[in-house]
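Two complexes follow with chain A in common, the first pairing it with chain B and the second with chain C.
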Partner chain A sequence: MKILAVCGMGFGSSMVLKMSIESVLKSAGIKADVRTADIGIAKSETADVIVTSSEFSKLLQNKNIPVVVVKNYVDKKEIGEKLLPIVQGEKKGS
Partner chain B sequence: MDILVAVLQFIVNEILSKPALLVGIIALVGLLFMRRSAGDVVSGTLKTILGFLIMSAGADLLSGTLTPLGAMVQAGFHLHGVVPTNEAIVGLAQKAFGTQTAAIMALGFVVNILLARFTPAKFVFLTGHHLLFMATLLAVVLGSAGITGVNQIILGALLLGTAATVLPALVHPFTQKVTEGAGFALGHFNTVGYIISSLIGKGVGKVMKDKSRSTEEIEVPEQLSFLRDSLVMTTMTVIVIYLILAIIAGPAAIASQAGGSNYLMYAFTQALTFGASVAIILMGVRMILAEIVPAFQGIAERIVPNALPALDCPTTFTFAPNAVVFGFISSLVGGIVGLFLMGPLGLALIIPGMVPHFFDGGTAGVYGNATGGRFGAILGAFINGLLITFLPALLLAFMGSLGLSNTTFGDADFALVGILSGLGSRTGVIGLYVIVIVALVVLVGLASLITIRGKRKAEEAEEAVVENA
Partner chain C sequence: MQLDHLLTKETIRLQVRATGRMDVVQKAGELLVASGNADARYIEAMKHSLKTHGPYMVIVPGVALLHARPEDGVRQLCMSLVTLDPPIEFGNPDNDPVSVAFALGAEDNSKHVEAIAVLAGLLEDEQAMETIRHSTSVDEVLQIIAAAQAGE
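Take a look at the complex of A and B:
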């Protein structure tokens, strides 16, 4: 399973997001390859799930990949609630 | 004995003074410290080294595209033209100061961790690229002032560690207002701009009261969302700037470089190459940070209990996305107003860089909005725009030969720290040690006071969400 954390530059806030996602997945016992990306890379890369802010999600709607919108990048509760159902659904589907 | 000396010499000359390898070693230590698997350690270390080499390759490509810019501004305005772009100046500076930069970055983070561990200011700076940029700035300014070697590294690390601890602490009362106590701090070296914007917002809020409502009550058109693609934005502005400058300067100014091709098309392709080289540098930076930032975070978590992570500015954007657009536009207007004042004041022509205005101006807008609504956002970000035009111009004098390279650091804290440490260096090495240590004690004391006061306030407010404060 591959997850992209997306922000404007692809190494600032997306790095924060990536570390939060990894920690959430680790405590849920899910293995995943979480990478950071800027919007250009996110458009050209394939992934199973994209996690980003609401502003960037608008630019990524036309990809057939579920987009999880997060407000607080360090809030593991918020990330868990939004991401885990999708991740678990993807796993069953594939 | 001779063998020992030879081994030491080999380590210093062949490994530690090769910045790519030094950065690799820093990543290696971090990965080992986090007890990652052997495969992760090998691939992480290699990727960091490759990232550094990619960054250098991007900088080589970039420097060629800056030459026509300088020539065109010189011919058109008889001024020194500068586009502040952190990635560009940092890439260029690694040739002369790569080793010192890597050492200052690693040791500066250690200073940050120690200060966070042993003082009430528990801020751990996790915005890796800004640590890298500030380390570069300090290496350049101190090195250009004749402070070299071990002293350059120690003084640089002390200054970096102090800035990384103190600046997030000083702006934290406002950060909490922005994020409604979300449990993180702001780690972005344009803090002076954000504090000023917050204070202006506070003033606006007092004068206008509820006439200045929040930016988030306004609909912002969807079409503006392309602004968030920073590579597209940088390239588009550089194209516009290069074409305007080429028209003003005329074909003669860049004829020798264009080598027979049409001067406008030459300027156009150089602008595109500028965008491409920034993309390469960014890719290199991304590869370096992907390994180093998690390592830093892992180290911080083990050593500093209750550490408050200081994070990159877009983490605040989600709390007021409209204020980002307001802030960007009015910061840019401030930059353009500033541009016209540079010539008469006899300063270098600072051409507004889109990336600093977007991220710094956007954040200034978020902070100004939090304290003073939409007019706070507009006025605060406008002043931020002036600030990140004038400060980089004043910084150039302290950057030695790199001050002439047509690009420079774009954010307020880099410029301010650079100017102050450049001035401090004039007192000599010992004088600078005294100044740096006094500044460290005073500033960390101030940061601790603000932190303790903030905590007390949070405890008093019964409904406040106290999670990490």
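Take a look at the complex of A and C:
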């Protein structure tokens, strides 16, 4: 399971997001490879799920990858509610 | 590198009056330059990033994490913190207005990971963030940051 945390530059905001995602997955007992990427790389990368903010989600809509939009990068509740159903759904399908 | 080594009396300014979001970047960026850890062009790079990518850097309600790329003028890992009075609109539909801005100068993709981890923990602590938002004492803010670092 590969998850991409996307922001403008791939190492600031997306790193905060990656940490929150990893924490949420750990609590749920789910193993995944979480990486950060800037928007340029994200357009050509493959992943099972992309997590980002609303500005970038618009730029990533044309890929066949579920895009999870997060408003608050440290709100684990929000991230859990939005990400876990997709991750668990992906796992069942694979 | 630890958060409480990066955020010090020299790199924190409280209750700053800014004229707009670019001025916020200017003021937070000037602290990085004054510390000797970033070139003046890094401030321009952060402004450019804000213009190009939009206000995605407002990652948590009321909080902005300003940064550009290492090659845009970072000499050494550095961070600054400004709190804003009044809060400033950055154009982020979900998380505006900004009352706390961190500016980050990263050297590469890894050295700042520890500091970001502590910063993420601090951002999650709503009570700590509220205190920082309204504080007029740098010592008080330093104590909160030290506690966040110790808690990690």
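What we mean here is this: the second predicted complex is superposed on the first by the 94 of 94 C-alpha atoms of A that agree within 3 Å, B and C clash if a C-alpha of one lies under 4 Å from a C-alpha of the other, contacts with A are read in each partner's own complex, and residues count from 1 in each chain.
What we mean here is this: a contact is a pair of C-beta atoms (placed from the backbone, for glycine too) under 8 Å apart; a residue touches a chain by one contact, two chains touch by 3 or more.
Just so you know, these numbers come straight off a predicted model, no measurement behind them.
K.L.:
Quick one: is A:G40 in contact with chain B, with chain C, with both, or with neither? Answer first, second, both or neither.
P.N.:
In the superposition, A:G40 contacts chain B only.
K.L.:
Looking at A:K58 after the superposition, I want to know if it touches chain B, chain C, both of them or none. Which is it: first, second, both, neither?
P.N.:
first
K.L.:
A:Y73 contacts which: chain B (first), chain C (second), both, neither?
P.N.:
A:Y73 sits against chain B and chain C alike.
K.L.:
Is A:S20 touching the first partner chain B, the second partner chain C, both, or neither of them?
P.N.:
It touches chain C, and chain B stays clear.
K.L.:
Is A:C7 in contact with chain B, with chain C, with both, or with neither (first, second, both, neither)?
P.N.:
Both partners.
K.L.:
Would you please give the residues of chain A that touch chain B in one complex and also touch chain C in the other complex?
P.N.:
Touching chain B in the first complex and chain C in the second, residues 7-13, 15-16, 19, 39, 53-56, 71-75 of chain A appear in both lists.
K.L.:
Give the list of chain B residues in touch with chain A in this complex.
P.N.:
Counting only chain B, the residues touching chain A are 126-129, 179, 182-184, 222, 225-226, 228-232, 279, 282, 285-286, 289-290, 293-294, 297, 309, 311-315, 317-319, 321, 324, 358-359.
K.L.:
Can you check the complex and tell me which residues of chain A touch chain B?
P.N.:
So the residues of chain A in touch with chain B come to 7-13, 15-16, 19, 35-36, 38-40, 53-56, 58-59, 70-75.
K.L.:
Using the touch definition up top, name the residues of chain A that touch chain C in the complex.
P.N.:
7-13, 15-17, 19-20, 39, 53-56, 71-76
K.L.:
Looking at the complex, which residues from chain C come into contact with chain A?
P.N.:
Going by the criterion above, the answer is residues 49, 52-57, 59-61, 65, 67-69, 93-95, 104, 106, 109, 112-113, 116-117, 119-120, 123-124.
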